[in-house]
Amino acid sequence: MRMEARRVRDSLIVRLNGELDLESAGPFRTLVQEELDGSGRIRHLILDLRGVRFVDSSGVGAILGRYREIRTRRDGQMVILGPRPPVRRVLELAGLLRLVAVADTQQQALALVKEGNPAP
Amino acid sequence: MRMEARRVRDSLIVRLNGELDLESAGPFRTLVQEELDGSGRIRHLILDLRGVRFVDSSGVGAILGRYREIRTRRDGQMVILGPRPPVRRVLELAGLLRLVAVADTQQQALALVKEGNPAP
Amino acid sequence: MKLPEGIRNQVVMEFPSRPENVAFARTAVAVFAAQLEFTVDELDELKVAVSEAVSNAVVHGYAGEDGCIRLEAAITGDGCLVVAVQDRGRGIEDVESARQAQWTTKPEEHMGLGFTFMEEYSDRVEVESAPGRGTTVTLYKTPARARIPS
Amino acid sequence: MKLPEGIRNQVVMEFPSRPENVAFARTAVAVFAAQLEFTVDELDELKVAVSEAVSNAVVHGYAGEDGCIRLEAAITGDGCLVVAVQDRGRGIEDVESARQAQWTTKPEEHMGLGFTFMEEYSDRVEVESAPGRGTTVTLYKTPARARIPS
(Lines give C-alpha, C1' and ligand atoms only; values in the text may rest on other atoms or scores of the structure.)
Protein backbone atom coordinates (compact mmCIF):
# COMPACT_ATOMS: atom_id res chain seq x y z
CA MET A 1 0.00 0.00 0.00
CA ARG A 2 1.14 3.54 -0.72
CA MET A 3 0.43 6.26 1.85
CA GLU A 4 0.79 10.02 1.91
CA ALA A 5 0.14 12.48 4.71
CA ARG A 6 -0.19 16.24 4.60
CA ARG A 7 -1.66 18.95 6.79
CA VAL A 8 -4.33 21.54 6.05
CA ARG A 9 -4.79 23.90 9.02
CA ASP A 10 -5.55 21.66 12.03
CA SER A 11 -6.48 18.61 9.91
CA LEU A 12 -4.25 15.74 8.93
CA ILE A 13 -5.14 14.34 5.51
CA VAL A 14 -3.94 10.78 4.94
CA ARG A 15 -4.33 9.33 1.49
CA LEU A 16 -4.18 5.56 1.11
CA ASN A 17 -3.73 3.62 -2.12
CA GLY A 18 -4.04 -0.14 -2.49
CA GLU A 19 -5.27 -2.69 0.04
CA LEU A 20 -5.72 -2.06 3.75
CA ASP A 21 -5.33 -5.38 5.55
CA LEU A 22 -3.28 -7.16 8.21
CA GLU A 23 -0.04 -6.33 6.41
CA SER A 24 -0.65 -2.64 5.78
CA ALA A 25 -2.56 -1.88 9.01
CA GLY A 26 0.71 -1.58 10.97
CA PRO A 27 2.46 0.89 8.65
CA PHE A 28 -0.78 2.91 8.45
CA ARG A 29 -1.01 3.09 12.26
CA THR A 30 2.65 4.13 12.50
CA LEU A 31 2.33 6.84 9.86
CA VAL A 32 -0.67 8.48 11.53
CA GLN A 33 0.90 8.21 14.98
CA GLU A 34 4.12 9.83 13.82
CA GLU A 35 2.26 12.71 12.22
CA LEU A 36 0.16 13.23 15.33
CA ASP A 37 3.17 13.04 17.64
CA GLY A 38 5.05 15.47 15.39
CA SER A 39 2.47 18.20 15.84
CA GLY A 40 0.30 19.03 18.82
CA ARG A 41 -1.77 21.25 16.58
CA ILE A 42 -3.50 18.48 14.66
CA ARG A 43 -7.05 17.84 15.78
CA HIS A 44 -8.88 16.25 12.87
CA LEU A 45 -8.17 13.31 10.59
CA ILE A 46 -9.40 13.06 7.02
CA LEU A 47 -8.87 9.60 5.57
CA ASP A 48 -8.80 9.66 1.78
CA LEU A 49 -9.82 6.14 0.71
CA ARG A 50 -10.50 6.94 -2.94
CA GLY A 51 -7.56 4.80 -4.02
CA VAL A 52 -8.32 1.86 -1.71
CA ARG A 53 -9.50 -1.30 -3.49
CA PHE A 54 -9.82 -3.56 -0.47
CA VAL A 55 -10.46 -3.39 3.28
CA ASP A 56 -11.07 -6.24 5.72
CA SER A 57 -11.61 -6.32 9.49
CA SER A 58 -7.90 -5.73 10.18
CA GLY A 59 -8.14 -2.58 8.07
CA VAL A 60 -11.33 -1.46 9.79
CA GLY A 61 -9.66 -2.08 13.16
CA ALA A 62 -6.78 0.17 12.21
CA ILE A 63 -9.17 2.92 11.12
CA LEU A 64 -11.22 2.58 14.30
CA GLY A 65 -8.06 2.85 16.42
CA ARG A 66 -7.20 6.17 14.73
CA TYR A 67 -10.78 7.34 15.27
CA ARG A 68 -10.50 6.68 19.02
CA GLU A 69 -7.17 8.50 19.21
CA ILE A 70 -8.57 11.55 17.46
CA ARG A 71 -11.80 11.59 19.47
CA THR A 72 -10.54 10.90 22.96
CA ARG A 73 -7.11 12.49 22.95
CA ARG A 74 -7.57 15.37 20.53
CA ASP A 75 -11.29 15.95 20.84
CA GLY A 76 -11.25 16.07 17.04
CA GLN A 77 -13.30 14.72 14.19
CA MET A 78 -12.63 12.04 11.63
CA VAL A 79 -14.04 12.07 8.10
CA ILE A 80 -13.69 9.37 5.44
CA LEU A 81 -13.27 10.57 1.89
CA GLY A 82 -14.63 8.74 -1.16
CA PRO A 83 -14.74 5.03 -0.24
CA ARG A 84 -15.58 2.83 -3.24
CA PRO A 85 -18.82 0.81 -2.90
CA PRO A 86 -17.26 -2.51 -1.73
CA VAL A 87 -15.05 -0.68 0.79
CA ARG A 88 -18.00 1.39 1.98
CA ARG A 89 -20.02 -1.76 2.54
CA VAL A 90 -17.29 -3.22 4.77
CA LEU A 91 -17.10 0.01 6.81
CA GLU A 92 -20.87 0.03 7.12
CA LEU A 93 -21.04 -3.60 8.21
CA ALA A 94 -18.46 -2.85 10.91
CA GLY A 95 -20.63 -0.02 12.23
CA LEU A 96 -17.96 2.57 11.48
CA LEU A 97 -20.30 4.75 9.43
CA ARG A 98 -22.41 5.33 12.53
CA LEU A 99 -19.38 7.08 14.05
CA VAL A 100 -17.69 8.74 11.12
CA ALA A 101 -19.03 10.96 8.34
CA VAL A 102 -18.31 10.28 4.68
CA ALA A 103 -17.43 13.03 2.20
CA ASP A 104 -17.24 12.93 -1.58
CA THR A 105 -14.66 15.68 -2.03
CA GLN A 106 -11.79 17.00 0.02
CA GLN A 107 -13.48 20.37 0.24
CA GLN A 108 -16.57 18.76 1.69
CA ALA A 109 -14.41 16.80 4.15
CA LEU A 110 -12.67 19.96 5.36
CA ALA A 111 -16.05 21.67 5.75
CA LEU A 112 -17.34 18.73 7.80
CA VAL A 113 -14.49 18.81 10.33
CA LYS A 114 -14.88 22.59 10.63
CA GLU A 115 -18.53 22.23 11.55
CA GLY A 116 -17.23 20.07 14.36
CA ASN A 117 -20.02 17.56 14.23
CA PRO A 118 -19.60 15.36 11.20
CA ALA A 119 -21.24 12.23 12.54
CA PRO A 120 -24.60 11.74 10.79
CA MET B 1 -12.03 -15.14 -23.13
CA ARG B 2 -14.84 -13.41 -25.00
CA MET B 3 -14.92 -13.63 -28.81
CA GLU B 4 -17.01 -11.98 -31.50
CA ALA B 5 -16.96 -12.53 -35.25
CA ARG B 6 -18.49 -10.43 -38.02
CA ARG B 7 -18.01 -10.00 -41.72
CA VAL B 8 -17.16 -6.93 -43.80
CA ARG B 9 -17.20 -7.73 -47.53
CA ASP B 10 -14.78 -10.67 -47.99
CA SER B 11 -13.05 -10.17 -44.62
CA LEU B 12 -13.81 -11.91 -41.35
CA ILE B 13 -13.19 -9.67 -38.35
CA VAL B 14 -12.64 -11.59 -35.10
CA ARG B 15 -12.43 -9.60 -31.93
CA LEU B 16 -10.86 -11.23 -28.89
CA ASN B 17 -11.07 -10.04 -25.29
CA GLY B 18 -9.12 -11.48 -22.38
CA GLU B 19 -6.28 -13.99 -22.42
CA LEU B 20 -5.32 -16.18 -25.38
CA ASP B 21 -3.65 -19.31 -24.01
CA LEU B 22 -3.93 -23.11 -23.94
CA GLU B 23 -7.50 -22.93 -22.64
CA SER B 24 -8.87 -20.35 -25.06
CA ALA B 25 -6.86 -21.43 -28.14
CA GLY B 26 -9.32 -24.27 -28.86
CA PRO B 27 -12.52 -22.18 -28.78
CA PHE B 28 -10.77 -19.52 -30.89
CA ARG B 29 -9.78 -22.09 -33.51
CA THR B 30 -13.33 -23.50 -33.57
CA LEU B 31 -14.95 -20.09 -33.93
CA VAL B 32 -12.79 -19.08 -36.88
CA GLN B 33 -13.19 -22.47 -38.54
CA GLU B 34 -16.98 -22.38 -38.25
CA GLU B 35 -17.13 -18.90 -39.73
CA LEU B 36 -14.87 -19.92 -42.61
CA ASP B 37 -16.81 -23.13 -43.24
CA GLY B 38 -20.08 -21.20 -43.15
CA SER B 39 -19.07 -18.96 -46.03
CA GLY B 40 -16.92 -19.71 -49.05
CA ARG B 41 -16.74 -16.01 -49.73
CA ILE B 42 -14.41 -15.12 -46.87
CA ARG B 43 -10.83 -14.58 -47.97
CA HIS B 44 -9.20 -12.35 -45.34
CA LEU B 45 -8.94 -12.44 -41.58
CA ILE B 46 -8.61 -9.38 -39.36
CA LEU B 47 -7.74 -10.28 -35.79
CA ASP B 48 -8.72 -7.53 -33.39
CA LEU B 49 -6.43 -7.99 -30.37
CA ARG B 50 -7.07 -4.59 -28.77
CA GLY B 51 -8.82 -6.26 -25.82
CA VAL B 52 -6.24 -9.02 -25.34
CA ARG B 53 -4.17 -8.73 -22.15
CA PHE B 54 -2.11 -11.89 -22.51
CA VAL B 55 -0.77 -14.23 -25.20
CA ASP B 56 1.66 -17.13 -24.83
CA SER B 57 3.04 -19.68 -27.32
CA SER B 58 -0.23 -21.65 -27.32
CA GLY B 59 -2.01 -18.44 -28.32
CA VAL B 60 0.55 -17.63 -30.99
CA GLY B 61 0.23 -21.20 -32.30
CA ALA B 62 -3.52 -20.77 -32.69
CA ILE B 63 -3.03 -17.48 -34.55
CA LEU B 64 -0.39 -19.00 -36.82
CA GLY B 65 -2.72 -21.90 -37.64
CA ARG B 66 -5.40 -19.45 -38.77
CA TYR B 67 -2.80 -17.58 -40.83
CA ARG B 68 -1.86 -20.77 -42.68
CA GLU B 69 -5.48 -21.60 -43.35
CA ILE B 70 -6.16 -18.15 -44.80
CA ARG B 71 -2.96 -18.08 -46.88
CA THR B 72 -2.90 -21.57 -48.30
CA ARG B 73 -6.58 -22.40 -48.66
CA ARG B 74 -8.10 -19.01 -49.31
CA ASP B 75 -5.15 -17.19 -50.81
CA GLY B 76 -6.14 -14.38 -48.45
CA GLN B 77 -4.42 -11.97 -46.11
CA MET B 78 -4.31 -11.72 -42.35
CA VAL B 79 -3.95 -8.47 -40.42
CA ILE B 80 -3.58 -8.02 -36.67
CA LEU B 81 -5.34 -5.04 -35.16
CA GLY B 82 -4.03 -3.07 -32.19
CA PRO B 83 -1.95 -5.50 -30.08
CA ARG B 84 -0.88 -3.97 -26.75
CA PRO B 85 2.90 -3.69 -26.24
CA PRO B 86 3.41 -6.91 -24.21
CA VAL B 87 1.25 -8.90 -26.65
CA ARG B 88 3.05 -7.36 -29.61
CA ARG B 89 6.40 -8.35 -28.14
CA VAL B 90 5.29 -12.00 -27.87
CA LEU B 91 4.07 -12.00 -31.48
CA GLU B 92 7.33 -10.43 -32.60
CA LEU B 93 9.46 -12.92 -30.68
CA ALA B 94 7.53 -15.75 -32.34
CA GLY B 95 8.34 -14.30 -35.77
CA LEU B 96 4.66 -13.73 -36.56
CA LEU B 97 5.15 -10.07 -37.38
CA ARG B 98 7.39 -11.05 -40.29
CA LEU B 99 4.34 -12.72 -41.85
CA VAL B 100 1.44 -10.59 -40.78
CA ALA B 101 0.88 -6.82 -40.91
CA VAL B 102 -0.27 -4.82 -37.91
CA ALA B 103 -2.90 -2.07 -38.15
CA ASP B 104 -3.88 0.55 -35.60
CA THR B 105 -7.48 0.99 -36.71
CA GLN B 106 -10.07 -1.22 -38.32
CA GLN B 107 -10.19 1.06 -41.33
CA GLN B 108 -6.47 0.69 -41.81
CA ALA B 109 -6.78 -3.09 -41.43
CA LEU B 110 -9.47 -3.24 -44.11
CA ALA B 111 -7.34 -1.08 -46.41
CA LEU B 112 -4.36 -3.41 -45.88
CA VAL B 113 -6.23 -6.56 -46.89
CA LYS B 114 -7.61 -4.77 -49.95
CA GLU B 115 -4.13 -3.88 -51.12
CA GLY B 116 -3.56 -7.62 -51.07
CA ASN B 117 -0.05 -7.40 -49.73
CA PRO B 118 -0.07 -6.49 -46.07
CA ALA B 119 3.15 -8.21 -45.05
CA PRO B 120 5.81 -5.58 -44.34
CA MET C 1 -4.54 -36.63 -9.71
CA LYS C 2 -7.56 -38.24 -8.02
CA LEU C 3 -9.93 -35.47 -7.04
CA PRO C 4 -12.25 -36.16 -4.08
CA GLU C 5 -15.72 -37.46 -4.96
CA GLY C 6 -17.97 -34.68 -6.28
CA ILE C 7 -15.10 -32.23 -6.85
CA ARG C 8 -14.63 -30.81 -10.36
CA ASN C 9 -11.41 -28.90 -9.85
CA GLN C 10 -9.18 -28.10 -6.91
CA VAL C 11 -6.03 -26.27 -5.89
CA VAL C 12 -4.10 -26.82 -2.68
CA MET C 13 -1.72 -24.14 -1.43
CA GLU C 14 0.71 -24.05 1.48
CA PHE C 15 2.54 -20.98 2.71
CA PRO C 16 4.06 -19.58 5.91
CA SER C 17 1.78 -17.64 8.27
CA ARG C 18 2.98 -14.15 7.39
CA PRO C 19 0.93 -10.96 7.03
CA GLU C 20 2.30 -10.48 3.49
CA ASN C 21 0.79 -13.81 2.40
CA VAL C 22 -2.77 -12.81 3.28
CA ALA C 23 -3.07 -10.74 0.08
CA PHE C 24 -1.57 -13.60 -1.92
CA ALA C 25 -4.08 -16.07 -0.50
CA ARG C 26 -7.24 -14.02 -1.06
CA THR C 27 -6.19 -12.99 -4.58
CA ALA C 28 -5.19 -16.51 -5.60
CA VAL C 29 -8.56 -17.84 -4.40
CA ALA C 30 -10.39 -15.11 -6.34
CA VAL C 31 -8.43 -16.00 -9.49
CA PHE C 32 -9.33 -19.68 -9.07
CA ALA C 33 -12.96 -18.79 -8.29
CA ALA C 34 -13.18 -16.88 -11.58
CA GLN C 35 -13.67 -20.31 -13.21
CA LEU C 36 -17.22 -20.06 -11.86
CA GLU C 37 -19.65 -17.33 -12.89
CA PHE C 38 -19.06 -15.01 -9.95
CA THR C 39 -19.70 -11.30 -10.44
CA VAL C 40 -16.95 -8.81 -9.61
CA ASP C 41 -18.88 -7.92 -6.42
CA GLU C 42 -19.05 -11.56 -5.37
CA LEU C 43 -15.31 -11.99 -5.94
CA ASP C 44 -14.74 -8.91 -3.75
CA GLU C 45 -16.87 -10.51 -1.03
CA LEU C 46 -14.99 -13.77 -1.34
CA LYS C 47 -11.69 -11.92 -0.94
CA VAL C 48 -12.85 -10.41 2.35
CA ALA C 49 -14.01 -13.78 3.70
CA VAL C 50 -10.74 -15.51 2.75
CA SER C 51 -8.73 -12.60 4.09
CA GLU C 52 -10.43 -12.98 7.49
CA ALA C 53 -9.86 -16.73 7.69
CA VAL C 54 -6.18 -16.46 6.70
CA SER C 55 -5.54 -13.42 8.93
CA ASN C 56 -6.99 -15.37 11.87
CA ALA C 57 -4.60 -18.26 11.21
CA VAL C 58 -1.69 -15.77 11.25
CA VAL C 59 -2.81 -13.68 14.22
CA HIS C 60 -4.56 -16.19 16.48
CA GLY C 61 -3.62 -19.66 15.18
CA TYR C 62 0.12 -19.10 15.21
CA ALA C 63 0.07 -15.82 17.18
CA GLY C 64 2.78 -14.27 15.03
CA GLU C 65 5.05 -17.30 14.94
CA ASP C 66 5.99 -18.94 11.67
CA GLY C 67 3.55 -21.79 11.04
CA CYS C 68 2.23 -23.41 7.88
CA ILE C 69 -1.17 -22.47 6.49
CA ARG C 70 -2.84 -24.92 4.15
CA LEU C 71 -5.56 -23.61 1.87
CA GLU C 72 -7.74 -25.80 -0.30
CA ALA C 73 -10.05 -24.25 -2.87
CA ALA C 74 -12.41 -26.57 -4.72
CA ILE C 75 -15.25 -26.37 -7.21
CA THR C 76 -17.99 -28.92 -6.58
CA GLY C 77 -19.97 -30.71 -9.23
CA ASP C 78 -22.94 -28.42 -8.64
CA GLY C 79 -20.88 -25.25 -9.04
CA CYS C 80 -20.16 -24.27 -5.45
CA LEU C 81 -16.81 -22.87 -4.36
CA VAL C 82 -15.46 -24.40 -1.14
CA VAL C 83 -12.44 -22.84 0.57
CA ALA C 84 -10.84 -24.54 3.57
CA VAL C 85 -8.20 -22.63 5.54
CA GLN C 86 -6.27 -24.82 7.94
CA ASP C 87 -3.69 -24.06 10.60
CA ARG C 88 -1.99 -26.38 13.09
CA GLY C 89 -1.82 -23.65 15.72
CA ARG C 90 -3.34 -23.12 19.13
CA GLY C 91 -6.96 -23.87 18.26
CA ILE C 92 -10.14 -22.33 19.69
CA GLU C 93 -11.42 -23.17 23.19
CA ASP C 94 -15.03 -22.18 22.62
CA VAL C 95 -16.01 -22.08 18.96
CA GLU C 96 -19.56 -20.96 19.56
CA SER C 97 -18.50 -17.84 21.45
CA ALA C 98 -15.65 -17.13 19.03
CA ARG C 99 -18.10 -16.93 16.13
CA GLN C 100 -20.15 -14.22 17.83
CA ALA C 101 -19.80 -10.64 16.69
CA GLN C 102 -17.37 -8.52 18.74
CA TRP C 103 -16.02 -11.55 20.56
CA THR C 104 -12.22 -11.44 20.55
CA THR C 105 -9.35 -12.67 22.68
CA LYS C 106 -7.23 -9.69 21.58
CA PRO C 107 -9.42 -6.69 22.40
CA GLU C 108 -6.61 -4.12 22.21
CA GLU C 109 -5.96 -4.69 18.53
CA HIS C 110 -8.94 -6.59 17.18
CA MET C 111 -12.66 -6.05 16.93
CA GLY C 112 -14.03 -9.58 16.84
CA LEU C 113 -15.56 -9.02 13.41
CA GLY C 114 -13.64 -11.67 11.45
CA PHE C 115 -16.29 -14.36 11.71
CA THR C 116 -19.05 -11.79 11.17
CA PHE C 117 -17.46 -10.80 7.86
CA MET C 118 -16.98 -14.45 6.87
CA GLU C 119 -20.68 -15.15 7.54
CA GLU C 120 -21.80 -12.01 5.73
CA TYR C 121 -19.67 -12.58 2.66
CA SER C 122 -20.11 -16.29 2.11
CA ASP C 123 -23.13 -18.61 2.11
CA ARG C 124 -21.96 -20.83 4.94
CA VAL C 125 -19.04 -21.06 7.38
CA GLU C 126 -17.91 -24.23 9.15
CA VAL C 127 -15.35 -24.23 11.95
CA GLU C 128 -13.48 -27.27 13.21
CA SER C 129 -11.04 -26.65 16.01
CA ALA C 130 -9.29 -28.34 18.90
CA PRO C 131 -7.15 -26.50 21.49
CA GLY C 132 -3.48 -27.16 20.82
CA ARG C 133 -4.23 -28.94 17.55
CA GLY C 134 -5.33 -26.19 15.20
CA THR C 135 -8.31 -24.83 13.32
CA THR C 136 -9.95 -25.41 9.95
CA VAL C 137 -12.42 -22.83 8.68
CA THR C 138 -14.44 -23.83 5.61
CA LEU C 139 -16.26 -21.24 3.51
CA TYR C 140 -18.94 -22.08 0.94
CA LYS C 141 -20.06 -19.71 -1.79
CA THR C 142 -22.15 -20.26 -4.92
CA PRO C 143 -22.50 -17.60 -7.62
CA ALA C 144 -25.95 -15.97 -7.34
CA ARG C 145 -26.37 -16.33 -11.09
CA ALA C 146 -26.08 -20.10 -10.79
CA ARG C 147 -28.87 -20.11 -8.20
CA ILE C 148 -31.41 -18.36 -10.43
CA PRO C 149 -33.34 -21.07 -12.28
CA SER C 150 -33.09 -20.26 -15.98
CA MET D 1 6.96 -23.94 8.79
CA LYS D 2 10.68 -24.50 8.20
CA LEU D 3 11.61 -22.72 4.99
CA PRO D 4 14.59 -24.10 3.06
CA GLU D 5 17.96 -22.45 3.75
CA GLY D 6 18.24 -19.05 2.04
CA ILE D 7 14.50 -18.81 1.29
CA ARG D 8 12.62 -15.77 2.60
CA ASN D 9 9.09 -16.72 1.64
CA GLN D 10 7.50 -19.54 -0.30
CA VAL D 11 4.21 -20.89 -1.57
CA VAL D 12 3.56 -24.41 -2.77
CA MET D 13 0.56 -25.16 -4.98
CA GLU D 14 -0.85 -28.37 -6.34
CA PHE D 15 -3.58 -28.63 -8.95
CA PRO D 16 -4.79 -31.00 -11.67
CA SER D 17 -3.23 -30.70 -15.14
CA ARG D 18 -6.11 -28.91 -16.84
CA PRO D 19 -5.96 -26.11 -19.42
CA GLU D 20 -8.19 -23.95 -17.17
CA ASN D 21 -5.58 -24.07 -14.40
CA VAL D 22 -2.82 -22.51 -16.52
CA ALA D 23 -4.30 -19.03 -16.06
CA PHE D 24 -4.68 -19.67 -12.33
CA ALA D 25 -1.05 -20.74 -12.02
CA ARG D 26 0.52 -17.82 -13.88
CA THR D 27 -1.67 -15.25 -12.13
CA ALA D 28 -1.08 -16.71 -8.67
CA VAL D 29 2.69 -16.63 -9.25
CA ALA D 30 2.48 -13.01 -10.43
CA VAL D 31 0.52 -12.08 -7.30
CA PHE D 32 3.11 -13.76 -5.10
CA ALA D 33 5.96 -12.17 -7.08
CA ALA D 34 4.47 -8.72 -6.43
CA GLN D 35 6.14 -8.98 -2.99
CA LEU D 36 9.35 -8.15 -4.87
CA GLU D 37 9.85 -4.89 -6.75
CA PHE D 38 8.95 -6.19 -10.20
CA THR D 39 7.62 -3.70 -12.76
CA VAL D 40 4.30 -4.39 -14.46
CA ASP D 41 6.24 -5.37 -17.61
CA GLU D 42 8.37 -7.84 -15.68
CA LEU D 43 5.27 -9.41 -14.11
CA ASP D 44 3.83 -9.78 -17.63
CA GLU D 45 7.03 -11.53 -18.71
CA LEU D 46 6.91 -13.80 -15.70
CA LYS D 47 3.33 -14.75 -16.53
CA VAL D 48 4.37 -15.85 -20.01
CA ALA D 49 7.27 -17.95 -18.70
CA VAL D 50 5.10 -19.66 -16.06
CA SER D 51 2.30 -20.17 -18.58
CA GLU D 52 4.72 -22.03 -20.88
CA ALA D 53 6.07 -24.29 -18.15
CA VAL D 54 2.59 -25.18 -16.84
CA SER D 55 1.12 -25.62 -20.35
CA ASN D 56 3.96 -28.05 -21.15
CA ALA D 57 3.16 -30.11 -18.07
CA VAL D 58 -0.49 -30.30 -19.22
CA VAL D 59 0.16 -30.90 -22.93
CA HIS D 60 3.36 -32.96 -22.94
CA GLY D 61 3.92 -34.16 -19.37
CA TYR D 62 0.47 -35.68 -18.92
CA ALA D 63 -0.60 -35.47 -22.59
CA GLY D 64 -4.14 -34.46 -21.73
CA GLU D 65 -4.61 -36.97 -18.91
CA ASP D 66 -5.39 -35.83 -15.39
CA GLY D 67 -2.14 -35.60 -13.48
CA CYS D 68 -0.97 -33.46 -10.59
CA ILE D 69 1.15 -30.37 -11.17
CA ARG D 70 3.19 -29.07 -8.26
CA LEU D 71 4.33 -25.47 -8.38
CA GLU D 72 6.72 -23.91 -5.88
CA ALA D 73 7.35 -20.18 -5.91
CA ALA D 74 10.02 -18.85 -3.58
CA ILE D 75 11.75 -15.58 -2.78
CA THR D 76 15.44 -16.00 -1.98
CA GLY D 77 17.37 -13.98 0.58
CA ASP D 78 18.93 -11.89 -2.17
CA GLY D 79 15.58 -11.02 -3.73
CA CYS D 80 15.33 -13.50 -6.59
CA LEU D 81 12.08 -15.20 -7.53
CA VAL D 82 12.41 -18.94 -8.17
CA VAL D 83 9.50 -20.87 -9.70
CA ALA D 84 9.65 -24.65 -10.01
CA VAL D 85 6.96 -26.42 -12.06
CA GLN D 86 6.92 -30.16 -11.57
CA ASP D 87 4.98 -32.94 -13.24
CA ARG D 88 5.23 -36.72 -12.75
CA GLY D 89 4.40 -37.39 -16.38
CA ARG D 90 6.24 -38.89 -19.32
CA GLY D 91 9.46 -36.88 -19.05
CA ILE D 92 11.76 -35.67 -21.83
CA GLU D 93 14.08 -38.03 -23.74
CA ASP D 94 16.51 -35.41 -24.94
CA VAL D 95 16.44 -32.23 -22.90
CA GLU D 96 19.08 -30.42 -24.94
CA SER D 97 17.13 -30.78 -28.18
CA ALA D 98 13.82 -30.02 -26.49
CA ARG D 99 15.13 -26.65 -25.34
CA GLN D 100 15.98 -25.58 -28.88
CA ALA D 101 13.71 -23.15 -30.69
CA GLN D 102 11.14 -24.76 -32.98
CA TRP D 103 11.84 -28.22 -31.62
CA THR D 104 8.56 -29.94 -30.82
CA THR D 105 7.21 -33.48 -30.62
CA LYS D 106 3.73 -32.23 -31.59
CA PRO D 107 4.38 -30.31 -34.82
CA GLU D 108 0.71 -30.24 -35.92
CA GLU D 109 -0.42 -28.16 -32.98
CA HIS D 110 2.70 -26.67 -31.42
CA MET D 111 5.54 -24.46 -32.53
CA GLY D 112 8.34 -25.48 -30.21
CA LEU D 113 8.58 -21.97 -28.78
CA GLY D 114 7.75 -22.77 -25.15
CA PHE D 115 11.34 -23.02 -23.94
CA THR D 116 12.35 -20.05 -26.12
CA PHE D 117 9.75 -17.90 -24.35
CA MET D 118 10.85 -19.18 -20.93
CA GLU D 119 14.48 -18.27 -21.72
CA GLU D 120 13.52 -14.87 -23.10
CA TYR D 121 11.25 -13.93 -20.22
CA SER D 122 13.27 -15.13 -17.26
CA ASP D 123 16.92 -14.83 -16.27
CA ARG D 124 17.66 -18.55 -16.19
CA VAL D 125 15.85 -21.82 -16.91
CA GLU D 126 16.79 -25.21 -15.48
CA VAL D 127 15.29 -28.48 -16.68
CA GLU D 128 15.45 -31.76 -14.83
CA SER D 129 13.71 -34.66 -16.52
CA ALA D 130 13.72 -38.43 -16.74
CA PRO D 131 11.62 -40.44 -19.23
CA GLY D 132 8.66 -42.04 -17.49
CA ARG D 133 9.38 -40.14 -14.26
CA GLY D 134 8.47 -36.56 -15.03
CA THR D 135 9.91 -33.11 -15.48
CA THR D 136 10.79 -30.16 -13.27
CA VAL D 137 11.37 -26.79 -14.92
CA THR D 138 12.84 -24.08 -12.69
CA LEU D 139 12.67 -20.41 -13.65
CA TYR D 140 14.76 -17.65 -12.01
CA LYS D 141 13.94 -13.99 -12.25
CA THR D 142 15.25 -10.96 -10.31
CA PRO D 143 13.64 -7.52 -10.61
CA ALA D 144 15.86 -5.31 -12.78
CA ARG D 145 15.50 -2.55 -10.19
CA ALA D 146 17.12 -4.76 -7.57
CA ARG D 147 20.09 -5.32 -9.86
CA ILE D 148 20.90 -1.63 -10.29
CA PRO D 149 23.40 -0.67 -7.58
CA SER D 150 21.94 2.32 -5.76
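Side notes on the structure shown:
So that you can tell them apart, the chains are marked A, B, C and D in the order they are listed, and the count of residues begins at 1 in each.
FYI, a residue touches a chain if its C-beta (ideal position, glycine included) is under 8 Å from a C-beta of that chain, and two chains touch if they have at least 3 such contacts.
The shown structure was predicted, so the numbers you read here are calculated from the model rather than taken from an experiment.
Path length between chain A and chain C in the chain contact graph, taken as the least number of steps between touching chains: 1.
If chain D is disregarded, contact among the remaining chains splits them into the following groups: A, C | B. Comparing the centres of all chains, each the average of its CA atoms, the largest separation from chain D belongs to A. Centre-to-centre separation between chain C and chain D, using Cα means, comes to 27 Å. Rounded to whole angstrom, the centroid-to-centroid distance between chain A and chain B, based on C-alpha atoms, equals 50 Å. Rounded to whole angstrom, the centroid-to-centroid distance between chain A and chain D, based on C-alpha atoms, equals 42 Å. Multi-chain contact residues, meaning those touching two or more other chains, occur in chain D at positions 20, 23. Here, these are the chain pairs in contact: A-C, B-D, C-D. Note for the complex: chain B touches chain D at residues 19, 21-23, 26, 54, 56-58, 60-61, 64-65, 86, 90, 93-94.
Those residues of chain C whose C-beta lies close enough to touch chain D in the complex are 1, 3, 9-18, 20-21, 23-24, 27-28, 31-32, 35, 66-68. The touching residues of chain D, counted against chain B in their complex, run 19-20, 22-23, 41, 44-45, 47-48, 51-52, 55, 58-59, 109-111, 113-114, 116-117, 120.
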